[in-house]
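For reference, chains read A, B, C and D in written order, and residue numbers begin at 1 within each chain.
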Amino acid sequence: MSEKKQERVGVYVCHCGSNIAGVVDVFDVASWAEENLKHQGVVIAREYKFMCSSLGQELIEKDIKELGLTRVVVAACSPHLHEKTFRTAAKNAGLNPYLVELASIREQVSWVHTDKAVATKKSKAVVAGAVSRVIENVPLEELKVPINPNTLVVGGGIAGIQAALEIANAGFHVYLVEREPSIGGHMAQFDKTFPTLDCSACILTPRMVEAGTHPNITLMTWSEVVNVSGYVGSFNVTVKKKARFVNEELCTGCGICEEKCPKKVIDEVFEAGLGYRKAVYTPFAQAVPKYPVMDRENCTYFIKGTCKACEKFCPTGAIDFKQEDQLINIEVGNIILATGYDLFDARRVSNYGYGRLPNVFTSLEFERLSNAAGPTNGNIVMRDGKTTPKSVGIIHCVGSRDKNFNNYCSVICCMQGLKFAHLVHERTGATVYNFYIDMRTAYKAYDEFYQRVLEEGTLFVRGKVAEVTNAARNEHERGKLIIQVEDTLAGKQRRIPVDMVILSSGLQPRADSKEVGKLFGISCSTDGWFTEKHPKLDPVATMTEGIYIAGCSQGPKDIPSSVAQGAAASARVLDKILQREVALEPIKASVNQEMCSGCRICNGLCPFNAITFHEDLMVTEINPALCQGCGTCVAACPAGAISGTGFSDQQIMAQIDGLLLRNLEPVGV
Amino acid sequence: MPQMTDERVRAGLTREEDLSLLHEVSMKTAGVSHLEMCIQCGTCGGSCPAAQDMDHTPRMLFAMLRAGMREEVLRSNTPWICVSCYHCVVRCPQEVHIADVMYTLKGMAIKAKLYTDSTAPDFSQTFVDMVETYGRSFELGLASRHYLKHFPLRLPSMTPMGFGMVTKGRMPIKPKRIRHMKQLNNILNRAKQLELTS
Amino acid sequence: MNKYLFYPGCSMESSAKAYMQSMNAILEPLDLQMEEIEDWNCCGATEYLGINLIPAYSLIARNLALATKQMNGTRTVTAPCSACYLNLAKADYYMQERPSLGAKVNEALAAGGLQYTPGTLEIRHLIDILVYDIGLETIRSKVSRPLTGLRVAPYMGCMLPRPDYKHRWSDHEHPTELDDLLRALGVEVIDYPLTTNCCGGHMTQIGPETAFELIRRLVADADERGAHLMATVCPMCQMNLDAYQGEMNHYFGTDYHMPILFFTQLMGLAFGREPGDLGIGAELVSSRNALANIGVEVPVTQEPAAPRKKDEGLPMPRRWTKHEGKEAVK
Amino acid sequence: MTEKFEPTIIGFTCNWCSYRAADLAGTARMKYAPNVRLVRLMCSGRLDPTFVLRALSNGADGVMITGCHPGECHYLEQNYKALRRFLLLRRVLKGMGIEPERVKLVWASAAEGARFANETTTFVEEIRNLGPLNWGRFIKQEAEINESLHEEVPA
């Protein structure tokens, strides 16, 4: 290592009111540092009541200017709180912000230890570590890359639609990719929305139409993203446009093909298995776009080679059996993932009998049942298609808050259950029971809705339903579904015979959420929800710059929250676009090509494809824009040719020595 | 002494030391009981096929454990009515080992001499005695001894069944004994000196 | 030859002799060999666990320790009784889940010169072996007398599919293993929602009223659904439903006549064996009429001379007896 | 009064999970043993085994490596690489005559402040029971080790 000039280090110990000073002798720490770390270059050590206050910051700025400090250590709270504050202060005083280190003596010392002597001693070690480290810090410059103003939104549910419209309305182009034949998502399947009971289609379809006709939106339905490369500002995305077998240029959406198609299929997706569709179909009347798709698996022509009824009757000759899947490349600067949720498969709770007992329905089935455009024209009837139930039991928390299934609360099921209770009451006059563990009606006007449903006479039973059975024990129960439950407030087991049971099934991550996460380079929680950058303060960003998440792909949520997240994500994207370029954290790995032996050990380690190998030169190169700075390759390089800025070997080694008080003058603690 | 507890419970008083009851029961239960995880949802009480004969549902019993109501819990007939069908165990959303907790409570009730109906404890004890004598259970001896003591009035109506079982060769009149009875007794005697504490 | 270690359990030598007999009758055609654990002892049923924990688990673990000595090419212990199966499986599982329990039990076993490392053995029930090791195809291929026309309620009982520590069963509530096996024999399996409900367990001994109600629910539902008989996989279930059925009828003033056979007896019949070789006739509620449906004639054994008195008079009022039970508690 | 051995331990934390777990333990005022001093890395995948040896040779009695739970890595899968290196490192330590138990790997997510605190206290106890590391017995020149290890430990 080359000879270094002596750095001039300032150490600032924060009292944080009594948060730190109550447990750590801050005066002792400061004077100890000034005396014992002098040989390392500490020229000044101060303590102050609140370093993060403007006065505290000014103190640092003044010292940088007047004492010529070249390095700063602030012993205060966690860097996750105020690193940025002090870096900015340094920058204001003309010092490179990356020459500042924080020593966490609050979260790691004063808040977790009680013995003052021990805490003070540990604080000294932490400060010594930071001083040793900061000396090895080097000035860094943020890397700037240009931002492509186009945006990709994946998922055309309400969150995705909202995000796309916000960006498009701001004047930037959006590619909206949807897997199904139409945008609209789950919301298009609903009848009413809680707590206001707005008609779901009435509020959603205008948005769908707007997205479908917006000059700034390229709608790509019946399509899926198959490949993503690049980085924030310039992503290169490949979209597979599945063959529709309908020429969109020629099709007018008249619906004759669908009418003439002789093949009827159970619609497992839009009608939740309760209704039928044709082999060539648009999932629902207000579908956007209006063009139908042909379901290859069920089309008689594709199976038997004859039929072509659709082709025969199509007035514009739009049917095209020769159409093939297309791969389309698009270039975007930012990506928003709004891929939604899957409904929990209620058959897994076998004691509730879904799939075995005909008159047990899932929430999505009930949505279709109560929807005026649904298979029963909105008549709430039993599985026989005609009988109106006289009594209905609605079971909450199906598959949620249960270690046997999903551990988490699905958020919407309580309100959904209340909505169902209201609809059943209003349309059938049936006796309605709601079975719940805890009634969760947080957010605006939700509890009022609960009050309303109470008023309507819905019978609430606090208890998780044990089973739904058709094994009657007496005449009273014969021919009914019996809900067996402990009424925990009455302290008694009850058996309640009803005609119909509705399971308020929980939400769960898309079955392929982990693969999708991998495709876009973002991570999932163990459950499978996309992980946000910060659960509170950065809920729509991800760890991968330029990729944002919105709606239920991030976790269960209701429509207002999904819309809010869609808008929030678009705001983040617009912010990026308007900046024209983005500054990347300079924590990056780079290869010293002189030292690289071309062993390629690092080549397979990078999950972000930042490492490329030049066969001609037999050396490895790292793309700084793709590098996320994890440092795995740095640690792996046997030649020591890769260095990681911000977390270099020298910095870490020095910090270790400092923490172990190895860099002291022989004075002792 | 029990009188005093009743007073205290009636007055709604909980002493600091009562709060250790839940932990004590959890510790004494085989496996990891998860008892502290109960969310009082009532799945157990709803699932129980014999709940109608219990004085408290299992869920209530767990609430009482939490409240430190030691004597009330140990007097309850609930653990003795439990038929070990495990419906509650597999349905419990918090994976509480309910059936095993019931076994623990039975053992504690016997030791505390708080459960006053001796039918069930006697049956268990008789069974245990048989096993400790022969190494195998002996249904005829067990049933007749037990019924004689606890349901003498029911015996006449049970006779056809006993008669049938014997004539069909399904109830041997003589018990079977295992060969290494002494080894078994050594094991059991040693086991009786041990207790599950941690 | 598929070899397994075998833990019969006490009932197989007494009340469930027919189970043993019929199981032995199907072993050969299925190329199965059951090697009995030498000097095995009672598993403690559900009684020992409620008295004293460590002795209860030590009692069970002695069997496991003995079984490990006979592990010769197989580590699977087969139990035909659901309660035994559960106890053995539970001891193996908990000794691992709670190491302090494992240590204490081994300390006790050491007093008898024995030792058991949890996880060494695989504990399985007879029907698990038949369905998953032998397979339905093989079983179907051995059927020479399909039981077509016999309507059977498949009764799995509770302790077999639950708690299911090792996830061996298709479902906790409505497992299909018994249904599938019976169908392979040609049986018409009825939809029986109570298939894993409780038979009353030890309550026939300590709280008969509770048990009678549980027995009534099972028998009444099978009867209502038109079953000719119920098939069981457990000696305790068979005992409670069969031997106490008369007493239950007496208690409720009902007149059910639901024969309870072991599934192995039905397998034996389907494999062409004669009822007498399968212990058929040892049941108290005779299966003669039920089996006559498929032309199987059950030999008359010395049927107990209907010792029930002509008229029992009034059935015992239910409410009163319940209060009596409660009274004792207070 | 007998003097209790107070080990010195260096902890390596991942910026995204375990460092935040430590922050959370602080915010929640959970108390744990004060013997561990933390180094922040961006990812457990950054952990060069020489860091561990540097710590052990310069006075640490134990090293705690912490990272995100398998499957939850913020860099997708780099914690698996940390796991591989950790396992190798333990073998190397054993070969050097050092108790491999002196190095421990703990998974702790950002939400697991309590876990972080408990694991820390447990580890301190474990090291306390092992006693001080008498590294000097085996090693003369730390530089030699650093070099040799760079060659021996693959990615």
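One rule holds in what follows: contacts are C-beta pairs under 8 Å (C-beta built on N, C-alpha and C of every residue); 3 or more make two chains touch, one makes a residue touch a chain.
Being a predicted model, the structure only gives us computed values, none of them experimental.
Chain centroids computed from C-alpha atoms place A closest to the centre of all protein C-alpha atoms shown.
One inter-chain figure worth recording: chain C and chain D are separated by 53 Å, centre to centre, where each centre is the mean of the chain's CA atoms.
Centroids built from CA atoms put chain C at 22 Å from chain B.
Between chain B and chain D the centroid-to-centroid distance comes to 47 Å (mean Cα coordinates, whole Å).
In chain B, 52, 87, 90-91 are the positions where the chain touches two or more neighbouring chains simultaneously. The multi-chain contact residues of chain D, meaning those touching 2 or more other chains, do not exist; every residue touches at most one other chain. Chain contacts: chain C has residues 172-173, 217 touching two or more partner chains. Contacting chain pairs (ordered by label): A-B, A-C, A-D, B-C.
Across the complex, chain A is touched by residues 39-48, 51-52, 56-57, 59-60, 87-88, 90-91, 93-95 of chain B.
Within the complex, the chain C residues that touch chain A are 171-174, 193-194, 217, 220-221.
For chain A in complex with chain D, the touching residues are 78-80, 104, 106-109, 111-115, 118-119, 122, 125-126, 129, 518, 521, 523-526, 531, 535, 543, 587, 601-602, 604-605, 607-608, 628-632, 634-636, 638, 640, 644, 646-647, 649, 652-653, 655-657, 659-662. Residues 28, 30-32, 49-50, 52-53, 55, 75, 77, 79-81, 83-87, 89-91, 99-100, 102-104, 106-107, 110, 116-117, 119-120, 123-125, 127-128, 131, 135-139, 142-143, 146, 150-151, 154, 157-161, 163-165, 167-172, 176, 178-180, 183-184, 186-192, 194-198 of chain B are the ones touching chain C in the complex.
Taken in their complex, chain D has these residues touching chain A: 8, 10, 16, 19-20, 22-23, 25-27, 29-32, 34, 37-43, 45-51, 54-55, 58-60, 69, 71-78, 81, 85, 110, 117, 150-151, 154-155.
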